[in-house]
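Letters A, B, C and D name the chains as they come in the text, with residue numbers starting at 1 for each one.
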Amino acid sequence: MARTKQLPQDISNTGYTANAGMQRIMNRDGSLNVQRKGLNWWQRNSIYHTMISLSPGRFMLVVFLFYTSTNLLFASIYTLLGIDKLQGIDPVSGFGEKFMQAFFFSSQTLTTVGYGHISPKGMAANIVASLESFIGIMAFAIVTGLFFARFARPRAFLRFSDNLIMSPFKESAAFMLRVISAKNISLTDVQAEVTTAFEVEEHGKKSTRYFQLPLQFSRINSLALSWTVVHIIDDKSPFYGLSLEEIKKSNLEVMINVRAFDEHYSNTVQQRISYKGDEILYGARFLPAFAPSEDGRSTILKVQKLNHHEKLEETHVAAILEKIKLDQGKSVEAKA
Amino acid sequence: MARTKQLPQDISNTGYTANAGMQRIMNRDGSLNVQRKGLNWWQRNSIYHTMISLSPGRFMLVVFLFYTSTNLLFASIYTLLGIDKLQGIDPVSGFGEKFMQAFFFSSQTLTTVGYGHISPKGMAANIVASLESFIGIMAFAIVTGLFFARFARPRAFLRFSDNLIMSPFKESAAFMLRVISAKNISLTDVQAEVTTAFEVEEHGKKSTRYFQLPLQFSRINSLALSWTVVHIIDDKSPFYGLSLEEIKKSNLEVMINVRAFDEHYSNTVQQRISYKGDEILYGARFLPAFAPSEDGRSTILKVQKLNHHEKLEETHVAAILEKIKLDQGKSVEAKA
Amino acid sequence: MARTKQLPQDISNTGYTANAGMQRIMNRDGSLNVQRKGLNWWQRNSIYHTMISLSPGRFMLVVFLFYTSTNLLFASIYTLLGIDKLQGIDPVSGFGEKFMQAFFFSSQTLTTVGYGHISPKGMAANIVASLESFIGIMAFAIVTGLFFARFARPRAFLRFSDNLIMSPFKESAAFMLRVISAKNISLTDVQAEVTTAFEVEEHGKKSTRYFQLPLQFSRINSLALSWTVVHIIDDKSPFYGLSLEEIKKSNLEVMINVRAFDEHYSNTVQQRISYKGDEILYGARFLPAFAPSEDGRSTILKVQKLNHHEKLEETHVAAILEKIKLDQGKSVEAKA
Amino acid sequence: MARTKQLPQDISNTGYTANAGMQRIMNRDGSLNVQRKGLNWWQRNSIYHTMISLSPGRFMLVVFLFYTSTNLLFASIYTLLGIDKLQGIDPVSGFGEKFMQAFFFSSQTLTTVGYGHISPKGMAANIVASLESFIGIMAFAIVTGLFFARFARPRAFLRFSDNLIMSPFKESAAFMLRVISAKNISLTDVQAEVTTAFEVEEHGKKSTRYFQLPLQFSRINSLALSWTVVHIIDDKSPFYGLSLEEIKKSNLEVMINVRAFDEHYSNTVQQRISYKGDEILYGARFLPAFAPSEDGRSTILKVQKLNHHEKLEETHVAAILEKIKLDQGKSVEAKA
């Protein structure tokens, strides 16, 4: 009870729901755990956003499938019009062979390679071919645009530590995560914002409350090396006065949003992650991930050591939290 | 009279006119209800903006019309030069047939498919063909650029409730609208700004005055679910002390501007809407549009329930407003 | 003398020089009146910026000249290799005719139209043709990029009044200019910043001093209609206490910078103008440039009335300024 | 000792390491002197960023190598399938000649020039050709995107003086550097941020401390001419009370970050530089780099005079610093 009084101001305008019991607010990859119902696929999705978000392999596959199916479609049309309307075609007999030749002519038209050893003859075939080459360059224009958009899409390429860990920190305990820039990108003016959601039971009813976690440093000039984002459990923390057991049982979720200025794009990039349940390690400490180079002339960032940590006794952390709780009790008594 | 004293500071620098009687300041879709006169189409319109704003179907149509008309133009030129300058052409007699063959050759040149079963012969035809293929790749370059610009144009894809509704809210009444993100786009740092315009009669002359409406929350972290934007009618509201009749007669218009950060584009997007006259429902209350999924593992946003509301008696709202007016009168008296 | 005391804080960090006597700091179109010496053209210019800034006609011309000269170059190479290396060519005798055929073959290769009635024969011609088609698609890629960049370049399309005018305003006088958005572009959050430069004589030495001019409104929500930017000559103005003669002799330059948010691009656009000497009208008043439409359903912005003003007697303005000067003298005396 | 008390607040959240002895934090060109280990090339580098950062020559080379190697690959495939599958080929005997013809056919397919005097025959060759032309247009789409991205990449094109210099300034000494905009680009709202790192010995242990250097002007309206960025050594400076010898021995590094608004791109651009060791001149003064033009109608910026300076006696500067140290001692005594 003493505890509830201590809860700092929560954020009621997160845009999330306060219904308790939800498994996860944000997925591990930073996307929201929300499903949209009542709209069909086209209304619900921006094709552009979908094409931009596909992995490179899948994107190439989609484009290739479009290429193949468009060729199949036009090959069918040419076959229907009569294969003799494609002059220069090899004199073949089987339907399959005829269709394949139509397919190849189609691909030559769609890509505008147009060798010309096969060419359309007569009104109908010429109109279809003229249309197909038009579709070809339009499709190509769209794909070029998509390729560029995929390339140019500002991304942070951050790597977060696998776990959020809790360790003793100065006179108290702290939640910590580590983040590095995985690629040859210069990120400056890097800012982290950490939000937590946990269940609070009031008047016998559980609800999810949201808190902004104050950070030791919420901004660094440059993400040159690894950055350990630290939330200290002090009297400004919503965890202040909770025991380790209580924290673990609160169905805790910690969401991190990192924004930075990418000098290449001259643009702001952003990446999110969320930690929940067994992704949080209680009692562990990160070990350094960088060191001077042997010749002392530069610093080496050992990316594989991003998750490098040592385990501590959970009881050790529990004891610290217990002590904080005790101190708090005293200070409340003192005030009274 | 007591009322006019209570009017909060209006905004005189909206960029809109203070002429009363105008039907609408902003159209429903957020565009301004202003016509530009005294410039021809080219001076008045940015072709680029026009091409970007066209619906996908209309855009494709414009491009297809350009393709067809350019082919018609060049087919005419080739026909004028003499159809015999196109070697490899089928020996045809009718003008129509000749023209069509010239048309097909033109399309093969413009799309650079260039089968070659027809090819230009002699100086003039070669020069024209050389120019046409140049125009073809230029036109294609432009269309590619436009496609990309259309794709990459940052858009919010917000859906607003059909109506602005007025309902009892806490101890007072409030104007409310609801907004959702219709597509698979992650919008963070979402901000709403609501401006109202209504007619005020002073010294017997009507003029339109503009007010910024204070909101319960003007910013949410993430537009994950539905957001109900709420303006409470309290002593900071320009509606404070007005009866329902007075509000209805004031030729009210409410304009909403929502800005958000789109994580895909790393860009700020913006969308507007305006409500006027019968788009405002007096006496209604929104009903929830989201619920936990059956397995409790995620939240479901029911987009079709965006407008889901229950009707209330208008007299109920009128009574609340009357009571506010009364309270206000008392407080003014108390001060005096 | 009394006057100099009144000069508000000038801005010493404009980035401009304080050398008096310079004809103009900023050109009328907003570009800086500075020449860079000591670098060659390539070091001094960004080709990209140059290509983007060219007028549409000049840009097309540059591209067409590149197309023609590249064809001339390759036609020369094919002619040098021997015209018989281009099989399918018409049997021609004159050098001119041979060269032209090589030119046409080159254009068919560069645009990748490749009819094929002419084709390269032998090693050398094939290598050159292979290289030319590669150059063709590269050049086309560059041109596509430039077209897009030209299209997508955020521009404000503002129109400023031809003159900066000075008119009586409320109890004082004011400098005014008028600005409209000429195209179908929605500009919101429009901000103006006005800087003035004039010569001050101190200790017998003239120097140029820079001042920010405070504005009646420096920001409007939306540039829906015309916006009159107004600087009132009050005690915060650097012109306070100057006579009309003194202002006219001070080699005055007024530079305006307007920034706005373009909703189409979701980007900030900016445009500048500078007024100097006879572009400033002393004694004039702008007349309205917009009116309700006949049916009262919308507002009409009459763009051709952007400069619509009535002339006033200069002596009238001079008298106002003289009165201000007098008041100022009194207030200084009163303090003493 | 008196000195250490005077050290202003250092910045602990730079994102750099505090390990002393490192040769350089930032390289001269503004990139960070950090190596990433433990990731392979693909994980460590963004291909996109790499392609964007290549010099124009190297980029063209990479694209040309891709073109050539793809042609070699497909030429090999066609040769393996049997050169007779390419109809229209010259009847040649040697392997080399056959391969070259396959190579030329490949290049005609990849660039979609497709003359057609050579064309694929039979299933296998047609499939490969169909695939190659698809790869061709895809590759071209990617290259177009990269070209545009390279063009459109916002860059500042700043030139910094070769040296950071220290000179007497007003009653004290100052660090200065000079910066100009080298190209025809209009940069406004230019801001400089200067960070310094030097070694401090505390309790016998050396560590690197970081300080933000206060500037005389940290922002100018427009980078029209040259801008001399000045840090004055006063009581807010971390160098306050240090002798010249101490400064020189502190393994000093000065990092400058300049941000500006590029009006062409309507975007923020940024450029950095770092000075260390012998790039710092103690005892020198910049000489003017611009002058009015002969006709007095504009200002000339002499870019080649960016580094124009005169040498001063180092002892002169040392004396000034010594005097400051003395003054400081006195003021400390006075307080005591």
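By definition in this document, a contact is a pair of C-beta atoms (placed from the backbone, for glycine too) under 8 Å apart; a residue touches a chain by one contact, two chains touch by 3 or more.
Keep in mind it's a predicted model, so treat the numbers as computed, not measured.
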Item to check | Most widely separated chain from chain D, with each centre as the mean of CA atoms | outcome: B
Next on the checklist: When contacts are scored as defined above, which chain pair ends up with more C-beta pairs, B-D or A-D?
Outcome noted: A-D
Next on the checklist: Interface check for copies chain C and chain D. Shared numbers divided by all numbers used: above half gives same, below half gives different; which is it?
Outcome noted: different
Checklist outcome for this item: Note to self: chain A rotates onto chain B (CA fit) by an angle, in degrees and to the nearest 5, of 90
Checklist outcome for this item: Here the gap between chain A and chain D, centre to centre from mean Cα coordinates and rounded to Å, is 29
Checklist entry - Measuring from the mean C-alpha position of chain B to the mean C-alpha position of chain D, what distance in angstrom results? => result 41
Checklist entry - Mind pulling the chain A residues that touch 2 or more other chains? => result 108, 112-116, 118, 140, 144, 148
Checklist entry - Which of the residues in chain C end up touching chain A in this complex? => result 112, 114-116, 144
Next on the checklist: Show me the residue ranges of chain D that touch chain A in the complex, using the header's touch definition.
Outcome noted: 11-17, 19, 21-25, 31-39, 43-46, 48-50, 52-53, 87-88, 108-109, 112-116, 118-121, 123, 126, 129-130, 133-134, 136-138, 140-142, 144-146, 148-149, 153-154, 195, 257, 267-270
Item to check | Contact set on chain A toward chain D in their complex | outcome: 60, 63-64, 67, 71, 90, 100-101, 103-104, 107-108, 111-118, 140, 143-144, 147-148, 151-152, 157, 182-186, 188, 190, 217, 219-225, 227, 261, 263-266, 290, 292-293, 296-305
